[in-house]
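Note that the chains are named A, B, C and D in the order they appear, and that numbering of residues resets to 1 at the start of each chain.
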Amino acid sequence: MKFKIEYYAQLRDEAGCSAETVESIASCPAELFSELNATHCFSLTQNQLQVAINDSFSSWTSQLNDDDLVVFMPPMAGG
Amino acid sequence: MKFKIEYYAQLRDEAGCSAETVESIASCPAELFSELNATHCFSLTQNQLQVAINDSFSSWTSQLNDDDLVVFMPPMAGG
Amino acid sequence: MFAIIETPADLVKLRVDLNDRAAGGYVTFEGWVRDHNEGQQVLRLEYEAYPALANREGSRIVAEAMAKFDIINAACVHRTGLLEIGELAVWVGVTAVHRDTAFAACRYIIDEIKVRVPIWKKEYYVSGDSGWVDCEACASKK
Amino acid sequence: MFAIIETPADLVKLRVDLNDRAAGGYVTFEGWVRDHNEGQQVLRLEYEAYPALANREGSRIVAEAMAKFDIINAACVHRTGLLEIGELAVWVGVTAVHRDTAFAACRYIIDEIKVRVPIWKKEYYVSGDSGWVDCEACASKK
């Protein structure tokens, strides 16, 4: 399947890009993050992050579908 | 002794003036209020009011001195 | 800073005067003239103060808030005179490093102002009647 | 109303939009960029949002406040981009008939915004370093 990934804050800095499209056999965000982490060596671990699929908060074990937009989010720090 | 009295809000309406100077033998605000009440028939009783002498909150039994400014205050209703 | 004012508050200036490089949180409370009170439709309000004591007691309350809470600055102004619906009657502003104390101090100031500062209000009703309003503390005891 | 904004908030307009004849109390919270954080001197901040989800989650929080508290209206805006010391990063405004619920709802909104809305900030220090700031909830657990 093909996924669009967007990166923000320190994940963007570490990925070196704000978005990328990847081909993957990952069936859920946890698998997808593990794959991307192998490439980008993020300093944050999965349990420090939240994930959104298609602009909605999701669980790490949600089913991914082709063309999904997946965003991994560092701890919120607004305000 | 001579006292200057100022009236505010409903007490001013009921006294028909915002200030007056009175000659009195009252030794404390309680006595003074009782005298003035005989003249003006206020709708508020002493226990509903507070009193200030010379722009400071005072007790009803404080000693009055000649030329004191005495103000009887209805319940505060600011804000 | 506390002041009784007879003309509309300059909200921009009040805010700028509290701006501080060390402040991370700024909380304000505004009391507005609303169109109803205790079941009656209100046309306008008239506020009257005993100015010398009102300024003294208002300043004391702001100073108490500065002493009680870990805040940077605090200010309060209260209008007097005839006010129309929607007009600002009272304004409180508090700055602090963190929001917790700014909220607490702002709340403290407005609560104390309402029961301790010699200010009274007369309501003018749509019905044609008018009347001096009981104090907040008295009303809540009814 | 919730919005992510890229230019300074128009505080006059935000206030006028909340003005309501039935409102007696108006509480606002502003988060300002302060010159220090956790012992470091801060030069400026950069806020970044995930806009689609930030707008959605921010709007949800404001709607929750409207449902939970007896208030008339509520609004919140959050800046993104480079902000200098003293600039407004976040603004919350709440109107209500009485002040109790206005304070409570304003507090609820800012507390939730800080932990639930996907916004991040990078601090630029006087020392020349810079860094993304840990979330408020994480920092308090340290």
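Definition applied: a contact is a pair of C-beta atoms (placed from the backbone, for glycine too) under 8 Å apart; a residue touches a chain by one contact, two chains touch by 3 or more.
It should be emphasised that the depicted structure is a prediction, and the values quoted were computed from it without experimental measurement.
**Q** For chain A versus chain D, what separation do you get between their C-alpha means, in angstrom?
**A** Taking the average C-alpha coordinate of chain A and of chain D, the gap between them is 26 Å.
**Q** With chain centres defined as C-alpha means, what is the inter-centre distance between chain A and chain C in Å?
**A** About 49 Å, centre to centre.
**Q** Could you grab the centroid distance between chain A and chain B? Build each centroid from C-alpha atoms only and quote it in angstrom.
**A** Roughly 74 Å, centre to centre.
**Q** Note the residues in chain D that touch 2 or more other chains, in rising order.
**A** Answer for chain D, listing residues that touch two or more other chains: 31, 110.
**Q** Mind pulling the residue numbers of chain B that touch at least two other chains?
**A** Within chain B, no residue touches at least two other chains.
**Q** Have a look at which chains touch which and call the overall pattern line, ring, star, complete or other.
**A** line
**Q** Chain pairs in touch?
**A** Pairs flagged as touching, ordered by label: A-D, B-C, C-D.
**Q** State the interface residues of chain C toward chain B in the complex, per the touch definition above.
**A** Checking each residue of chain C against chain B gives 31, 47-50, 52-54, 56-57, 78, 89-90, 110, 113-122, 132-138.
**Q** Would you tell me which residues of chain B are touching chain C in their complex?
**A** Against chain C, the touching part of chain B is residues 6, 8-10, 13, 48, 50, 52, 55-57, 71, 73-79.
**Q** Enumerate the contact residues on chain D facing chain C in the complex.
**A** Going by the criterion above, the answer is residues 11, 15, 19-36, 85-86, 97, 99, 102-103, 106-107, 110.
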